[in-house]
Structure formats: structure tokens, C-alpha cells
């Protein structure tokens, strides 16, 4: 049973995402929410963290949080899926459990 | 007039100390308090951040916060001064202003 | 599916309370059962009936109370966390001599023990946590 | 010297409230004047008279109220931040119809505007900020 | 400290003005600090002091253009930055290094301008791009630094 | 899921046990999360589920020995970890990488033991040193993961 990880803090400010990626398992999904969505941008100082991990883990990002912060979908790292709150709910039910990296 | 900088977050978790050191000026003092005191330990993955900065900036650490966390003074990076709350007050009055890196 | 929600931060200061609300609404819209919403740490502040947000802003407490009334949600505020932070019901107000009318827990919220959190972990298919 | 203190976080959850208290005590002990202590953001929760911390723990609100009484400290809770978070005095309770006895601001604290924060920045020799 | 009064709302106080810098290091919406800092700035403008704002670290995200908070159900306060000029707050220092670490350029930020009353009320940019070393110098020149 | 009940306080429920992992990633005292997480664990012990704790990132500091909070005026809750064994909580996973990044070894942590009722009530260590990959595996085997 795979795990859904939620990351809600900025990767520029906090080590939450980095720790999450270091502890995720193959087949898990990482959902970026709230200030965590900044990790989905390409061309930043932390973009590499996601790239290095993309073989094993799927990445999703909450669209409402992107829009609130003025982040256009064209600026996302390729292959990251944008979901709405309903999609968040689906991710929770599709994975065996959820771990919040607070 | 020099500045007193206070840093209260763990350098392992947050970028506050790093940003403080990048913006401090010659003659300033950095006081580590609360979870910020972990930055005063030698032999950690972030100890280098302080070493690289030590020519221009003085470092102090709040002794009560060290003791609460079980950190012996023998484990501090050389040259860091331990102060009590009264010493914190003195640092505030000795410097022209205080900046909190929250 | 049977879901439960844990909220660890207070209203307005952290987005956690908002995200949890949007998530809970979406789960109900999809026909899932929400077994319980548990408020812990600063999350207990969401259950204060005394909040008066600016008129052009959302009212987080009211949103929860209305959602609870509509869907018979079980909103539980942790008693230990709430005492420490000054969220009290009638019984607590009396017990601690805080004076008549001082109870500030909002409609639709009930104050109970941490066992309710463990129980919801046992009883639910999924537990989702929102915090800082 | 004339010092002022700004506190941005609530009691118990962040150490900021404790550190600010220890700092203020030390400043008074050294003979400095504390012009004002201003509570903003979640800091307003420090001014709740309804907190009931465990008996073997410190009582942060009571510590502030006692320090204020002893040293005639001016403890100011920001009205805008307090309304949003449900910390109200008698006047606010009446204005918003929250019911008699609901005022929860603690003795020694007064609720006032953000201008008090700016003023203390202007009037004080040093401003020290505690937060998260 | 001898700069002319900017808003002209009240008679200047007898005391010398102080330089207030509001330091913004946090992203908007995830936490309330950006909004509540802005609320202080709006009040501060009435006090006839020298007020400027610094945006560094994740604080630069506060100025991102195109913010639309309908989906998260929160109030969008981005337009308030554009109103700062009317309050006499005309200096928004934005750190270059913070932008580039985040893959941003000044084009990604909303335009903030003020009307220069000393130059025929011409619209002038309030945002001042500044590198880290220069920002450190700005910080070192302040009387009061407010961070939330 | 078939492990024997550890505290024996109440009759085992009919339902299968769930595995609960309490994830501790935050330092003590700077914030209340470590303490309030521990308060949940103490209650959880009465529910006859499988309970274990993980300490990673700054969470490893929670177990530092010699904590003395008199100077900061806060309650010291470090001794409570030593009482966990009496509550039937006997597995405290501590991540090796988190320790070494912080310049710590297991000698810097307080000793936590439990009495093994299946082995003549011998005192056995509760702290299990574990590397990152193994901890990831432990996480992947849980039914409920609680983090504060």
C-alpha cells in the first residue's frame, strides 16, 4: 500500500520537502499544498531536489494554491499533475495512508 | 551604530540563520536563542555556516536555552559567548537596534 | 470511504485551517463519510465563538459550524489543548470559576479528550493531518 | 534606557512568549524602563483570562498580569488581531453582541490600535521582537 | 532623516523622524504574517516617519502578479501593495538574489507606482531592485526594524 | 499485526490492531509540538494498538540527555520518555543520519528502557537506532502516521 505525502512549507524556508523526499518509498505520491507549491516551479534553486527524485515518486500540486500565489501552470516542472480539492480527496483514498510533513 | 540580530529557529529546519548571516554587517552581533542555539554546536552539518562568517560578526548564545536542551558548553564552537537574560538585555542596549530573524 | 481530519493550527494565522475546511467540503461532496474532525494544538482556537474577522474576509469558525450543522459533523476540540489556550465550555467555565457567560466554544463544536483522536485513527479508513 | 517589546506568538505553542517574559523581567531588574509590551498576530492569545494550564506548568497570562501590576507595565493587545482571534474586552463584546460575561481579556492587558505599536517604535530607544 | 514629509496629512511632529523598515521574509497566504505586516504599514503611514519595506527570502513572493485567491477562499491582499503610494509609502526594496533563487525576474512582480508630488505627480516605480549587499546597507541605516 | 498485547490493561478488542507511528521531527521547547505529541502517545497506550515513535530531523533532540529547563521557566518533559515503557510503548526509532548531521551519537541521548514481560521482566533498550532507508520502510508499514 503506497503512501500519500503532503508538504505544505516553502522549500526555500524549511527542510520539510527534503526530508519527505529522503523518506518516501517507490510508488508513493507527494502532494504539494499551501506554501509547499513553490517546490513545483522550474528554474529555482531547489528545483533539482524534485528532479533527482522523479523516477520513483509521483508529484502533484494543488491548483488553488498555485493560483492564489500567482503561479502559472506553464512554470511547473514537467510531469507534475495539478489537482483540485476533489483530486486531493481522491489521492487520499487511492493511497493506503497519508503522511503530513509539517 | 551596529545591529543585534536574534535567530530563534533551528538551522537544520529553517533558513533564518543563513539569511541573517548573509545580511549582517561588520561589527554586528548575532544572538542565538530558543531553537536557534543548535547553530552554536560544533561538528554538525551546519557548523560551517558560522565559521565562514566569524571574522566580521560576534556570536552569542543564550545559556538558559542551551541548558534546557541538554547542550553542554564544551560542545560550542570556539569563541561563542554564553549570556543570560540580563546579558541579552545588555546586548540590546549596547547595539543601536535589534533585528529579529523570525 | 470513512475519513477523519486532524487540525493542528488556529484560524487565520496558518492556512492549515482553511485547507482542512476545503478538503472536508470536497470529501463530503464526493460522498465520503467524515467520521470526525479533531482540533489539537493551536487548532482548538478554530472553535472560539468570539472571533470577529473583518467583514470582507471569511469566517472560519462559522464555516465549520455551518458545515457541521448541514452534515452532522463531529467537531471535537481537545480538552487539554483547549484549557491551556483558553477555549472553555460551560462545564469548564464553572469548574475553573471563570464567571457566568464566559464559555467561548462555538456552536457545533464539543470539547472532549485525546481518546477521541486515537479512536478516530482506529475507526477511520484514512486520517489526514493539517498543520504548520 | 527605554525599551519596548513586541510579541507575535501565543502562549505555550511557541517559546517566544516565554522568552519575551524572561527578557522583560531581566530588563526591569537592570533598571531599564519598559515603555510598552505590544501583543500582535497570535501574540494576542497571551491576553486571554480563560487559559487553564496544567498545575505543574507556568501560567503565562498570570505571569504577565502580575509583572504588569508590580511595574505598572503597559500591556497592549492589538484590536484588529484580537478580533480576528476572539480576544475581546467588555466594549467589544457588547458591540458584537457576544453576550454578557464573554469578555476574555485578562487583568492588566488593554486592547487598543496598531498606532500604539508605531508609537512605541517612535518613543523607545530599542524595540525587541519575539515571534516564530 | 531630513526628507520632506510624504503624505502631508498632519503637521510634522517636533521630534526628528525615525527610519522604519518593514522586513518581509515570508510567503503570502500560507501564513498571515505578510497580511498583518501590511496592516501595520498602512497605520504607520499616518505617523510621519520614514517608512520603507524590504522583500527578501520568500517575502518576494508577496509581490507576485496575478494572485487569485478565489480557490482557497481567502481574501486577496495583493492589490493593497499598489495602494501604498497613496499612503506615502514609496520605497519597496526587493532583493535581486531572492528573486533569482526563486526563478523570478522583476517582470513576475506586479507594478507598484506612486505619484511624485515633487515632479508634477508623475507616476514613478516604488519597487527598487537591490542586491544583497546593498540591502544589508539599507538595513544598517534604519532606526527601527519590524519583522513578523 | 499479530503481536501480543503489551500493556494488558483491558481486554483486547475484537477488531484487528492498527499500527500507529508517531513521527517527531521538531526540537523540544522552541515549540510545543514535541510535548503535545507525547501527550497523545500516553493516551494512545491505553487503546491496545501497536504504537511506536520515530525521531528524525530535529526530533532527535527531544531525547537529548541532561535537559534542564529551570532557566527558561518551562516544564521539563524529558523524563516522560523514560516512562513510556510502563505504558507499553517500547519502540523508539531514532534515525542515524539525523543524529550524525547534528553531531550526536546515541551516547548523547538519555537511556530509555522497558521491562520485557516475555523475558523475566528484564530491562531492555527502547531506543532502536535505524538508518534512513530502514526508517522509510518502517513508515511504509504503518496504518496511521501521526505528526504534529
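Each chain gets a letter, A, B, C, D, E and F, in the order it is written, and its residues are counted from 1.
One rule holds for everything that comes next: a contact is a pair of C-beta atoms (placed from the backbone, for glycine too) under 8 Å apart; a residue touches a chain by one contact, two chains touch by 3 or more.
A quick note: this is a predicted structure, and the numbers were derived from the prediction, not measured.
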Response to the item:
In the contact graph of chains, the distance from chain A to chain D in steps is 2
Worksheet, complete the sentence: Shared touching partners of chain B and chain E are A, D
Discussion item. Ranking chain pairs by how many C-beta pairs touch, which one is first?
Written reply: C-D
Practice prompt. Report same or different for the chain C and chain D interface, where same means the shared residue numbers exceed half of all residue numbers found there.
Written response: same
Worksheet entry | Centroid distance [mean C-alpha coordinates] between chain D and chain C, Å | 25
Worksheet item: What whole-Å value do you get for the distance between chain B and chain D if each is reduced to the mean of its CA atoms?
Response: 26
Practice prompt. Averaging only over C-alpha atoms, locate the centres of chain E and chain F and give their separation in whole Å.
Written response: 46
Practice prompt. With chain centres taken as the means of their Cα atoms, state the distance from chain B to chain F in Å.
Written response: 30
Fill in: Two or more partner chains touched - positions in chain F
29-33, 57, 72, 74, 144, 147-148
Item to complete: Give me the residues of chain C that touch two or more other chains.
Response: 8, 12-13, 15, 19, 22, 41, 54, 80, 127, 129, 131-132
Response to the item:
Two or more other chains are touched by the chain B residues 8-9, 12-13, 15, 34-35, 64, 84, 97-98, 100, 102
Worksheet item: Tell me, which pairs of chains are in touch?
Response: A-B, A-C, A-E, A-F, B-D, B-E, B-F, C-D, C-E, C-F, D-E, D-F
Fill in: In the complex, chain A residues that touch chain E
8-10, 12-13, 34-35, 38, 41-45, 47, 63-65, 67-72, 75, 84
Worksheet item: In their complex, what parts of chain C are in touch with chain F?
Response: 6, 8, 40-41, 80-81, 113-115, 117-119, 121-122, 127, 129, 131
Fill in: Residue numbers on chain C that touch chain D, as the complex places them
10-13, 41-42, 45, 48-54, 61, 80, 83-88, 92-93, 96, 98-102, 104
Item to complete: Spell out the residues on chain E that touch chain B in their complex, using ranges where they run on.
Response: 23, 25, 33, 56-57, 132, 135-137, 139-140, 142-145, 147-148
Worksheet item: If you look only at chain C, which of its residues touch chain E in the complex?
Response: 12-15, 18-19, 21-22, 54, 56-58, 132
